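So that you can tell them apart, the chains are marked A, B, C and D in the order they are listed, and the count of residues begins at 1 in each.
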Amino acid sequence: MAITDNTNFEPKILAFCCNWCTYTGADLAGLNRMKYPDNIRIIRLPCSGRVNPQFILRAFQKGYDGVLVCGCHPGDCHYTSGNYFTRRRFLLMKRLLEFAGIERERFQARWISGSEAGKFRDTILKVTEEIRALGPNHRMKEADIYD
Amino acid sequence: MARAGVFICHCGSNIASVIDVEQVAKSAEQMTGVVYAATNKYACSISGQEMMKQAIIDHQLDRLVIASCTPRMHETTFRKMLGKTSVNPYMLEVANIREQCSWVHTDKEKATAKAIDLVRMSLAKVLKNQPLFTSSIPVCKKCLVIGGGIAGIQAALDIADGGYEVTLVEREPSLGGKMVMLDKTFPTLDCSACISTPKMAEVGAHPRIKLMSSCEVSAVSGYIGNFEVTIKQNPRYVDHDICTGCGLCEEKCPTKLKSSFDQGLGQRKAIYKLFPQAVPAKPVIDAQHCTKLTKDKCGVCAKVCPLGCINFADQESYTTDTFGAIILATGYQLIDWGSHYPEYGGGAYADVISGLQFERLVNASGPTEGKIKRPSDGAQPKSVAIIKCVGSRDVAKAHGYCSRACCMYAAKHAHQTIEKIAGAQVYIFYIDVRTPGKAYEEFYDRTREDGAVYIRGRVSKIYEENGKLICKGEDTLIGKQVTVEVDLVVLETAMEPAANSGQTAALAGVSADKDGWLTEAHPKLRPVETQSAGVFLCGTAQGPKDIPDTVAQASAAAAKVLGLLAKDELETSPMISAVDTSKCSGCRFCEQVCPVKAISMIDIPSIYNGQKVKRTVAQVNSGLCSGCGACSAACRTGCIDLLGFTNKQILEEVDALWQ
Amino acid sequence: MVGKNLSLLPDENKQKIESLVKKAGAKLSDCYQCGKCSAGCPMAESMDLMPRQVLRYLQLGLLQEALSSQAPWICATCQTCSARCPHDVPIAEIMEAIRRQADQMGIRPLRRTYLFSKYFLLPLKLFGRNHELTLTMFYNLTSGKLFQHFTYLPAMLKSRKLKIWPAKVKNRLAVRKIMENCEKEAQNI
Amino acid sequence: MKYSYFPGCSMEATGIEYAKSLNYVNRAIGLDFIEIEDWNCCGATAGHTKSHELGIALPLRNLALAEQQLPGLAMAVPCASCYSRMKYALQAAHSEEREKFSRLIDMPVEGSVEIVSIMDIYSVEKTKTAISAAITKRLSNLKIACYYGCLYSRPPKITMAHNIENPQNMDELVRLTGATTVDWAYKTECCGAGHHVDIPQESKPLLYRIYKNARANGANALVTACPMCMLNLDMRQGAVNKAYDENFDLPVYYLSEILAIAMGATFKECGVASHFHPAKKLLQKENETKEVV
């Protein structure tokens, strides 16, 4: 098998961020003029517990190369328990996706608080590099499958 | 057809220096559904808003995408603006091209491309938006305070003094709680009863406070501003409307019992006031021990009562009332140490007593009139061992937490013993001495100066031999076993949540932590609020604390309630969950995941195979729903959706990138 | 440098202590040095270190001090400490683990206790059951307490509380095999 | 009622009175103890001191034997130390270590045997009634301090005992004889066990404190259900008296001896005759005066 060079590949990554912690943390990263790759697109939700597994499947189906689910730290959820449901759902989802052949790096969850701008930036940097190394998502992208 | 308008904000140079805003506007114009796109120097400014308003009129726009700073900054501003136009305020999406684009990227080309993507995503979402309407709920200007200890008393007085009606529900026959049982309070040593009984009397006489003693809350429904609360009046067997509190019944009652107020060290009658300064100052009958009620014998009280207040047929009764706010001040109880500590005799030794029992012994109005006497033989103890952390900081046997007040009252007990008994020897066994409070450390210093011997180590065993109580410990500072032989042992026992406080709180939708303490909304920033809007908490119901902290927290809760009751109406967010009952299967999964108990089940009529049947479906209480969307993600049939963040809207956002 | 320099402890100490404590099923950080274990210990008076102090040495990484203490050998395994500990620290098990570790390393701070344990197992290996006379004989000979318990002998023999001849298990080989297997297994871990 | 029976090494030697009296009582109330064939020593403290493996494997062989020979029967273990070791072995048989130990003892083992002490057995309601019925003498002058020792109670995770500081089941059995039992503080304090051999000076205070508290609470005798405790409390009382210049006079009895005497056994039949500390006199007083119909 040929070794593919992914250095010029720009992955598209979708992040679902809760309004109270991670979205706020992302805003703070901006306020502090931190720099991170532009591969990320954020969808704002009230709570990470709002993330329906369907959203994730759809993202991969549409061709995103990676999906990130971010919320408040366990115990800090604005709605008390939302991120506990996220955590359980995430673990289940992850196993399902791995079973379907999606590399584990393509689907990640992170707890980032409203004050952790640095952690937000570092996460985006790391996740982008990890997914860049993997190359494009062919396995679930419908356009590729039906080609 | 939708008629969307897209506005790209320059934000001075904040956005425009990195993103080619004109390019973004040009691209937006090509997108499906967009009838107008323009840029604006400062969208949030008055002129910016006027420009958008004018565009709405000129181009008959029915929805907007504003690409600017984070929606957390100006979404509300723009919604307010739309409120003055023909466009529904919720037909708006804000694309965050400042904090999450121009400020974090440097490559202009890429940043512009990303901004276009972000606009496209917002547009996709806004095309699926539906007009939403806020509603308002009236606020009932009355507060319910549950618990009549010092926390409840303070909160009730503050709110009533602020001009609002308060109903104070107390389970016991009198106000006062634990504080009124205490002798003196640290570190100032002022008399506890002297400072708390005037407050009790004030509550009893306050024109805006309705005091309901011997009462319990049995049901709570409704939501912030409009709680429907059912209160159970337990039978008192004495008509308090007529009773003057003359005390004749109490004097003549032949049945003597151990007084719970005196912690079993003193006596009371079967018809009794909890203590002399009780509020209300009227007696009740202890139904479990009154011989008239248990064996139909006696009835002396009824015979001697000059006003005929005694009613042996009294029954429990229920009243329902509406309140705008609820304060939980259910307090604490002390651990039943005997069942946890067999190595301390498990309660078999009369002279091993709890700290609260010591308070009654040393209290001038207590069973010994303030003389410290051994419960076993009434002798004055010459030596006393005080043992801290009994039931606290003990994961294996009782509670892992620190009860916070014990270090200080242990020092106080030592001080009082030395003060009242000349030449008394006092040993205090401790693990750590914790004195974080104003003038607390100084009090500890003074207790050592008084002559109390502090021994660092937890006592392993207490037993009796030849009339002495033997405490086996280790002085961990010298690393040797030590034994003290004393006449009296005082165990400074752990606080735990009052019995049933968890159930009462659950009625109001408030949860408790693993130890049973009620959970505040945020430990630092929302310390007296709860996850249930309109329900507040204060005092030891929330966690162990001393009197100053309790009173401070009570006033804080009162301030929050005053702020709420000052409003005539509350606006509710329309971005809450809604159920499509035609698809709902009644699986109750949403009910379980809802953090605020906003979802309940109802039966609705339905037709199945031509038959009329009843079907169970979910319904959302709009007053309670906080709009988190957990139910929506959990719903198997997809019938429950979060307005403003519907599945359809989000999926469109996901899809948008590849359109 | 004054006192124990905790910064210069060898890394292996930490690993050894970790494995020792793990074998005992304990977590050192659970102990907050309240001293209840030592307060109730029936043997503590005779110990060079309080059981609490033994744990403290382990917490600080001072393995050698813990291993050379007599305390674990004086411990009677009565389990009072473990039963009353407010943090469920299995102190008696830690004492035992130290004893085993020291034994393996040939550290015997209390020779007589070591000998008693050693010779207790001798009749077991020979007969499959305990035999007090054999045990006493070997123990007395090696410990230098030649005539200990001699005064009780006549009465015990008369009432048949001591038997001259040991009771034997038929399948002594099975018992011996178990002892050998266990020794091998214990060394493998 | 039938039980499989693991006597333990002491029952043939230092605990011979225990064996005799148990036998007497069991016969009187119709209990059948069937000895496990070819049982071996449990290893006691020395076993588990050597290694965790040895401490479990030695008793486990007996468990496995009982399962083979007498399936379905609960195992009666009269010695506290053996009882403790059997319980540990049972717990290991229920853990993930089962396979390892099965290999070490080269026998299959299920952990299907219930381990019971003499107190457990005698406290069964039916048996208790039978004991009551068999008692013919009231020992009402005896004021007994029941001494339970360590290993029937601790560690509670192994013994599953509920009341580890102030157990009552032996007291209840002793009171069946008409004797009174005293409340005292040293019921489950350690007697020193084997340390009386290797560090006798250090172990004497343990016995001294036990005697002292028993006497202070008005006891005139001690009762125990452990051969090791018995040996220490009985044999070494003289030495403690000498060391502390004391005159403790506390005869020590096995629980089964007291029951046997109350059922009419002679001193010889139950073993009371061969105690170190004179034990007959106190009982003679009782026997003369308190015959019941």
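Heads up, the rule we're going with is that a contact is a pair of C-beta atoms (placed from the backbone, for glycine too) under 8 Å apart; a residue touches a chain by one contact, two chains touch by 3 or more.
Here the structure is a predicted model, which means the values were calculated and not measured.
Asks: Can you figure out the chain closest to the middle, judged by Cα centres?
Replies: B
Asks: Per the definition at the top, count C-beta pairs in contact and tell me whether C-D or B-C has more.
Replies: Of C-D and B-C, more C-beta pairs in contact link C-D.
Asks: I'd like to verify one number: the distance from the centre of chain C to the centre of chain D, where each centre is the average of its C-alpha atoms, in whole angstrom.
Replies: Measuring from centre to centre gives 23 Å for this pair.
Asks: Could you please state the distance in Å, as a whole number, between where the Cα atoms of chain B are centred and where those of chain D are centred?
Replies: 54
Asks: With chain centres taken as the means of their Cα atoms, state the distance from chain A to chain B in Å.
Replies: Computed value for the inter-centroid distance: 36 Å.
Asks: Listing for chain B: what residues touch at least two other chains?
Replies: Those would be 343, 461.
Asks: What parts of chain D, by residue number, touch at least two of the other chains?
Replies: In chain D, 164 touch at least two other chains.
Asks: So, with touch as defined above, which chain pairs make the list?
Replies: Result for touching pairs of chains: A-B, B-C, B-D, C-D.
Asks: Touching chain B in the complex: which residues of chain D?
Replies: Residue positions touching the partner: 163-166, 183, 185-186, 212-213, 216-217.
Asks: Under the touch definition given earlier, write down the residues of chain B that touch chain A in their complex.
Replies: Checking each residue of chain B against chain A gives 70-72, 96, 98-101, 103-107, 110-111, 113-114, 117-118, 121, 511, 519, 531, 575, 593, 595-596, 626-630, 632-634, 642, 645, 647, 650-651, 653-655, 657-658.
Asks: For a test of understanding, state which residues of chain A touch chain B in their complex under the given definition.
Replies: On the chain A side, the touching residues are 12, 14, 19, 23-24, 26-27, 29-31, 33-36, 38, 41-47, 49-55, 58-59, 62-64, 78-82, 85, 89, 121, 143.
Asks: Where on chain D does chain C make contact in their complex?
Replies: Answer in residue numbers: 9-10, 12-14, 16, 38-41, 43-54, 57-58, 61, 100, 103-106, 150-151, 153-156, 164, 189-190, 192-195, 197-200, 202-203, 205-206, 209, 235, 274, 276.
Asks: Which chain C residues qualify as touching chain B in the complex?
Replies: Checking each residue of chain C against chain B gives 32-41, 44-45, 49-50, 52-53, 80, 84-88.
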